[in-house]
């Protein structure tokens, strides 16, 4: 059991981070902590994906000498790296938007607590 | 110690501050004060008071306990579920027979021949899976537009917008004082280096580790550092909102047009005339290098714009 | 490859290309762009639908000279083309119908960006409809999420900001789960194209290995897309976002964005997992329960709601329950009925949001029901359009909603006797509830007003024509229900 756990250490770390991030995004009342949770959740998925692209003893898929490339089995799978690269940019964009929204909400309601904002929004701003 | 006279700042504009360095000093040393213009409207104070009472009530305490226990439960439950399932997956670092299939072999084996990219990953994201990357640069674009929508100050000549702009200017000078000699001298050395390094990463994206996104962020970091040291007035001389809009729109349009050309010719079996070139040269790999530069420009400009919008609400 | 087969790619690519141009235009021209591009999309997808029907099949469109599975791939057939046509037409009519309100409620400096969001939303919708690659679906889901959030917060009000925040939080949770789901799928199969994943999953299943991870990935994708399309227990973000946005945005969110996620889910069910795996993992049973809950509790929420726009929003929760019910049956007939209901509901809900807002506008901006009395006389055309939309959702014969409920009931009857009985009872109760709240509203707007109301807003004539077009489309869908269903059924057969 322990060896099995150790063999999956990378994924387990990623999935624990995912759990923490997910819970923070869902249940933390502080907007900033929600955003931190979101970043953790997304990074955890990228860690998970990247860990599956890694194979012991192989090198990054960058060919150093075009005239004499290494054989195919010397390189790791390049696709997860490409997917992670795409995903990171997406999560950066979303983080920026969430931070901007939080800034505006704070300026309007003077609090970061989403429950407080909910009460204030219903009372102070009728539709 | 002098009290901060926000009203005077805002009425007279930021230039009055530059002339009066003593006031400036007083402000940087003064304790932080709440912005008088953002205090709640009297009508709303009642609501705030009610909320304040609620936040100390019994119901609130119970809610906190519920939130906490739910969080612990969900966090542990979700992680345990995911981990117990992940244990069934292949081991980390082992030869993954599942995902090491003909596709990844094809990328490594034929990627160089097809795209001319020594860096296979660049070849994948800009060529094989270029459609995803096209979508992804539009995610950045849509994010920049949304932040502009949220944070950009009104540009009109009416008194209200002028007031808002002056207030932002005053705040910026208060919280990000200029004239730090150490910072300015460091940036004089660092900013050009960063920008040259960013350009190097962009231009070599298909040959070495790096590419549009990493290079773009380094470029953006150089611009942000310059802004930190010298302020908006000086950065605005070469990088203002118009430049941002022109560069971003232009780079995105170039990206979309060239990808459209490649996809349509590719799908219809027309020769597109973009060979891989001589491997390892900087001008090889067809459109990879120009595409890297376009992506890099979008990323760099967006990073800088996000920073500027968060800091002052304008470029 | 024939020229018309480039249409799916052009439908995605053109709005993306023009969005950058629109950002640099003046607001007046940007608004015209936001009308023109969806209109062009409507024409393009109509042409695609005609050609697909004439060719009688579906086709794959490789992106790049290498083609799939090295690169991305699009796929188009009758079902996709019909969905694309519906989405583009509704997008165009929503912008046109809410034109006056966009101008009134969104400040000039934000209006250009609002139009950029409309175009990117169109690109995202088209990509969801046509993509054959799960990771492309994820990237465009994010574009749609952000663009839709921006459409809500474009109206610069505290309430809209709050609505957008709740919308974003729940949708980010959904995207995270969806992404983890496709990451697990990728780890299991090493493929990203839908039918390749399907083939690998079939061979893994026959070998009997990795049963738990497969179930997990199915569950993650299901929950992720259910959160994003507001299936019942995950619907809490919906009323705030829909009720606080400008009416065009509410119409787009309720009838396009959530429907695109549902269509993507249908593609996962049919093309990635296959109906067999969908049933085996018991996801079907779970969805069935949640859709029943959504149908009943969403309707009850709507009955209890005292304000018009929130009531329409809650009614969406119930209607999304109907669509998921069709999917959860796990049969081709059920999926076809779900797609038909998607189209019928999308048309009716967009019409309800836009005409409902006009009725509110004719009642001094008050949305409580007692203030709406006589709104049907003050804004006769909007009142008539609202009546048509409401009747369609309730299921009055000759309208689209009637046919869709009929097909849905018929599909439910194919289940085992006990389940079918439950389903029919749920549908009957919910139709009664629908009738309660919608017909009450229709009666209210034609009652005698209690007081005098101020002058109402004037709308451009073309914008009013959009309401008539919506009503006609709903009527047309009811009249040509059988041919439309034939097209959908053929599309569903080709999807598998």
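By letter and in written order, the chains are A, B and C; residue numbering begins at 1 in each of them.
Here is the rule we use: a residue touches a chain if its C-beta (ideal position, glycine included) is under 8 Å from a C-beta of that chain, and two chains touch if they have at least 3 such contacts.
Fair warning: this is a prediction, and the values are worked out from it, not measured in the lab.
Visitor: Computing the C-alpha centre of each chain, which chain sits at the greatest distance from chain A?
Guide: C
Visitor: Does A-C or B-C have the larger number of C-beta pairs in contact?
Guide: Of the two interfaces, A-C and B-C, more C-beta pairs touch across B-C.
Visitor: Starting from the mean Cα coordinates of chain A and chain B, work out the distance between those two points in Å.
Guide: Roughly 16 Å separates the two chain centres.
Visitor: So what's the Cα centroid distance for chain A and chain C, whole Å?
Guide: 28
Visitor: Chain B to chain C: how many Å between their CA centres?
Guide: 31
Visitor: Which chain B residues touch at least two other chains?
Guide: Where chain B meets two or more other chains at a single residue, that happens at 82, 86, 89-90, 96, 99-100, 103-104, 107, 129, 132, 136, 139, 142-143, 146, 150.
Visitor: Where in chain C do residues touch two or more of the other chains?
Guide: 135, 139, 142, 146, 149, 153, 180, 186-187
Visitor: At which residue positions does chain A touch at least two other chains?
Guide: 18, 22, 26, 52, 79-80, 86, 90, 93-94, 97, 101, 104, 120, 124
Visitor: What part of chain B is in contact with chain C in the complex they form?
Guide: That would be residues 81-82, 84-86, 88-90, 96, 98-101, 103-104, 106-107, 114, 127-132, 134-136, 138-139, 141-143, 145-146, 148-150, 152, 154-156, 245-246, 248-249, 252-253, 256-257, 259-260, 262-269, 272 of chain B.
Visitor: Looking at the complex, which residues from chain C come into contact with chain B?
Guide: Against chain B, chain C makes touches at 1, 5-6, 9, 13, 16-17, 19-21, 23-24, 61-67, 69-72, 107, 109-110, 113-114, 116-117, 120, 123, 127, 133, 135-136, 139-140, 142-143, 146-147, 149-150, 153-154, 180, 184, 186-191, 210, 212-213, 216.
Visitor: Which residues of chain A touch chain C once you look at their complex with the stated criterion?
Guide: 18, 21-22, 25-26, 31, 34, 38, 41-42, 45, 48-49, 52, 79-80, 83, 86-87, 90, 93-94, 97-98, 101-102, 104-105, 108-109, 114, 117-118, 120-121, 124-127
Visitor: Can you check the complex and tell me which residues of chain A touch chain B?
Guide: 4-5, 7-12, 15-16, 18-20, 22-24, 26-29, 51-56, 60-64, 66-67, 69, 72, 75, 77-82, 85-86, 88-90, 92-94, 96-97, 99-101, 103-104, 107, 110, 115-116, 119-120, 123-124
Visitor: Could you list, by residue number, the parts of chain B that touch chain A in their complex?
Guide: 38, 40, 43-44, 47-48, 50-51, 54-55, 63, 67, 70-71, 74-76, 78-79, 82-83, 86-87, 89-96, 99-100, 103-105, 107-109, 111-112, 118-121, 124-125, 129, 132-133, 136-137, 139-140, 142-143, 146-147, 150-151, 208-209, 211, 213, 279-280, 299, 306, 309-310
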